[in-house]
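Labels run A, B, C and D following the written order; every chain starts at residue 1.
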Amino acid sequence: MPVGDGASGQQGVALFQTTILVRFGDLDAAGIAYYPRLVNFLHVAFEDFFAGHVGKTYPQIFREGLGFPSVKIEIEFLSPVHYGDHVNVSLAVEKVGRSSVHMRYEASVLGKPVFKARQVAVVVDMKTFKSVRLPNWLRERFLAASA
Amino acid sequence: MPVGDGASGQQGVALFQTTILVRFGDLDAAGIAYYPRLVNFLHVAFEDFFAGHVGKTYPQIFREGLGFPSVKIEIEFLSPVHYGDHVNVSLAVEKVGRSSVHMRYEASVLGKPVFKARQVAVVVDMKTFKSVRLPNWLRERFLAASA
Amino acid sequence: MPVGDGASGQQGVALFQTTILVRFGDLDAAGIAYYPRLVNFLHVAFEDFFAGHVGKTYPQIFREGLGFPSVKIEIEFLSPVHYGDHVNVSLAVEKVGRSSVHMRYEASVLGKPVFKARQVAVVVDMKTFKSVRLPNWLRERFLAASA
Amino acid sequence: MPVGDGASGQQGVALFQTTILVRFGDLDAAGIAYYPRLVNFLHVAFEDFFAGHVGKTYPQIFREGLGFPSVKIEIEFLSPVHYGDHVNVSLAVEKVGRSSVHMRYEASVLGKPVFKARQVAVVVDMKTFKSVRLPNWLRERFLAASA
């Protein structure tokens, strides 16, 4: 499913891309994807980014005790997302801090933009929920998706 | 919210009752409650049962290390549940084992049955996920909802 | 449940307030509320705002053919939200356009801020999904929550 | 994703099979898949069954006005489902009525059974929500998955 194509996107930014199929359970009573479910798509894309780009799955990293709770999300809904849509989500790393990462997401269906988002996540030890330094090998993988 | 009325229901069974408001996020594209969300209502009612009948909230019990994972659920959907419905859910304990509980749920909207379910849950230590004996004080509270 | 207290909040802004109980189904594997579920809390608060302040429930308005899809959300997660927390959410209307509304949410648990958000929603005819003018009576109710 | 292998399963029943990846958003506070999310997996498998076996996607059929609301589900949770598990779900049609279908699901992770379920769905016109006769071409596709 994850397609870590490494292709250069707009602005010279290397983008990780994945595709998420809109399921019946993602829909609301208006017959379009319910926006909290699209926020969940950000996490799905983040998980695919680990599998397809980082090289270690998020479940593995989570079991090893590292977590990336969100501290900020900005999301713009540009066009309704429908049942059965294959949503192409690109993820670019905008900034890598000592213990935080800034991501930008752009989602489209058949080339038409449907939502875009920015997210700031912090790196925490899942045992203590305290902020920890992003391990070097991970920093390198994040940076490799940022330029 | 929880209404532990202790009133006798049909068949002489004392029922715990609670009311759950159907939210936009519970709906599917057909404009009715999505059935996995109604299965979630069973857990909501179970939580209200602790707050309203057992006398200790489920969050407290969970934090103390006890969990009640489901091992079996049978659910019949009798009539569609709509947006804004106040779903009255009654919970009766059918059987209390050494480390399991059997519950029966009956849900209605304005007196009209909408779904009914039976559930078997086991009692586990959340640290080890191993089956443990239901503590006596809890057994008494469950039994008090069973006849 | 909804508490439309009409009390003046900080900065002289009249706030609508409601309380949302964190359910087991809102939690993630870290034992805290999963952030897309907190985004869902915005909608829950918006629904309570209709019931408690607008004077007509959202389900009624939705059935009459009016919808308020989100076009933009900014949310900051300030502190983890835990199982059993009673999250106090205040909603203030920041701006009322011809066919859009801007809302600000502030959420706290026992006085401690847990998240805050801004949301822009547009007013649409649910049949055509086209933007429509906010009805006057609704505009007045929104404005009454904005100063 | 869907793997309609047509291979004979146990008891000579031809099974449709698909694989569902357990996402972070499927987990509960115990770190395992929350059971209403596993009930949602039944619908996901049902959707994949249309794409992979029926030959017309469920979104298409839904847009054409046909729906399959559940009237009964029995589900047994045999073993916890964990983050990152690839859940293999097989779907066999047990019975095809005039306007109903009976399905059996068996789910496993790396060969270990994790849940099994039976489901009865009725065929309805999504406009009227009235029961309608299952179209012949669909009946044939369902029957082809039943023996």
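General remarks:
As a working rule, a residue touches a chain if its C-beta (ideal position, glycine included) is under 8 Å from a C-beta of that chain, and two chains touch if they have at least 3 such contacts.
None of the values given here were measured: they were computed from a predicted structure.
Put simply, chain C has to spin 180° for its C-alpha atoms to lie on chain D, with the angle rounded to a multiple of 5.
Both copies, chain A and chain B, contribute mostly matching positions to the interface they share, with over half of the numbers common to the two. Centroid distances built from C-alpha atoms place C farthest away from chain D. Our note on geometry: chain A versus chain B, Cα centroid distance of 35 Å, whole angstroms. Per-chain CA centroids place chain A at a distance of 25 Å from chain C.
Within chain B, the positions touching two or more other chains are listed as 24-25, 29, 36, 40, 43, 62, 83.
By the touch criterion stated above, chain B contacts chain A in their complex at residues 24-25, 27-29, 31, 34, 36, 83. By the touch criterion given at the top, residues 1, 21, 23-25, 40, 43-44, 47, 57-60, 62-63, 82-84 of chain C touch chain B in their complex. Listed in rising order, the residues of chain C touching chain A in the complex are 29-30, 32, 35-37, 39-40, 43, 62, 67, 69-77, 80, 126, 129.
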